[in-house]
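Here the structure is laid out as structure tokens; the discussion comes afterwards.
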Amino acid sequence: MTDAALRRLLDERAINAVLIDYCRLLDVMDLDSLSSLFTADCFVDYGPDPQLQSSGAAALAESLQRMWRWTKTSHHLSNVSITFDGDDCADVQSYVYAWHKRADGTVATILGQYIDRFLRCDDRWLIARRRMLMNGCNENFTVDINRLERNKAPDDWVAPDIDRSRRAHD
Amino acid sequence: MTDAALRRLLDERAINAVLIDYCRLLDVMDLDSLSSLFTADCFVDYGPDPQLQSSGAAALAESLQRMWRWTKTSHHLSNVSITFDGDDCADVQSYVYAWHKRADGTVATILGQYIDRFLRCDDRWLIARRRMLMNGCNENFTVDINRLERNKAPDDWVAPDIDRSRRAHD
Amino acid sequence: MTDAALRRLLDERAINAVLIDYCRLLDVMDLDSLSSLFTADCFVDYGPDPQLQSSGAAALAESLQRMWRWTKTSHHLSNVSITFDGDDCADVQSYVYAWHKRADGTVATILGQYIDRFLRCDDRWLIARRRMLMNGCNENFTVDINRLERNKAPDDWVAPDIDRSRRAHD
């Protein structure tokens, strides 16, 4: 029981490392190394546009060349939530703050989530399926990423008055 | 001793999961599930305005309906620091990057901290007290959140000259 | 083997705590406590300007007084990657979203990385070397931080057409 708990912690550490490596490798545009974090037959879905979906790690690496549209990026990962499904599978949700700068200096930011299916393959944890969701973005980001569903306010909901004037705020 | 250390790691994992669930459930506005992360008699204090303070999990869920003022939110949690106080209590500090978008497209961002008291209740870790602090925010955020105290510069402090011109920066 | 794995997890927890303490202590400008996170003979390099490099913990504390140029800061740490080099050394990479506000209300943001060398000294993990890299920043940040190197696009690379019009985006 103690051993099992420790193994889970080590598995979680390994999965977390893959999530972080993805960000780091994307930000330096080392797409070959990045693709090795995915299963050969992975499916990755950033949005409904077929250009935003890839079947297989090789196709993913080629598709992510689109990130060269930006001159700089920074992907900040957080909120990692891991649910094991047997010993060798895990459903993993994480948040990403993804910052992108264009050659003209404009900045496009996306606040998103990765919804991943991880598999253990020969003692390594790999991403078998990734679906990206977008909680929101700033006005400069215009790629059609899958949207997060959010519960709606009841019809009779009335907004409270808690927003002070801007002047009152230092 | 080894078992005690492992139990601590597992407790920290459980506490971390509660912090993350709060963010996720707030971003989808599942307030019933969110309130189950708090003790029934919790006290939550986002700011000095009585509308920003809640006594009890049910009142909290009702109060957080104010988040429907925003059309989208994204709460990115990090910098989790946990100090145990006995086996069943913990003081927990974390940072949050909280992004909010209005229907008019304006974005309000707050850089904050959660200062929490966790209790273990029937094998689950719950938030008994939460105080939110604000390190800062952008100009569009006007809610009066509690402010972080910061040490002041000595009277004889002189700013060094290390900010280059904007043009020199690519 | 189990004990060794658990010790590693505990070491990683201790290293992670140092990274987080640095952010927290910097944001409240408790520079004396902050300097105790570094070895006495540490070397810290934020950029090529000699004013951005410090030899020794005492010099670092003095140099970081420059942060009083900002009226508020918030340092959000993530993407922690730890590689041990023997039992008492570790190479640690992390990401930081560093937010700074000036007295005039302008906000300067940097998306960066800390590339650290940690040493275990008398049972405490301390930062012996820190090099900061900048993935990018917004237009208001003008300090010359070391730049992240990023692979370049092949000469024959052509940007795909996946950026929708801003109007089409809600």
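Letters are used for the chains, namely A, B and C, taken in the order the chains are written, and counting of residues starts over at 1 for each.
Convention: a contact is a pair of C-beta atoms (placed from the backbone, for glycine too) under 8 Å apart; a residue touches a chain by one contact, two chains touch by 3 or more.
Bear in mind that the values here come from a model prediction, so they are computed numbers and not experimental data.
A rotation of 120 degrees, rounded to the nearest 5, superposes the Cα atoms of chain A on chain C. Looking at which positions face the partner, chain B and chain C present mostly different ones, since fewer than half of the interface numbers are shared. Averaged C-alpha coordinates put the centre of chain B at 21 Å from the centre of chain C. Touching two or more other chains at once are residues 2, 6, 9, 76, 78, 97, 139 of chain B.
Taken in their complex, chain C has these residues touching chain B: 2-3, 6, 9-10, 13, 17, 20-21, 23-24, 27-30, 49, 51-52, 65-66, 68-69, 72-78, 97, 99, 101, 105, 107, 137, 139, 141-144. Interface residues of chain C facing chain A in the complex, by the touch rule stated above, are 2, 5-6, 9, 12, 76, 78-81, 93, 95, 97, 111-112, 135-136, 138-139, 148-153, 157, 159-160, 162-166, 168-169.
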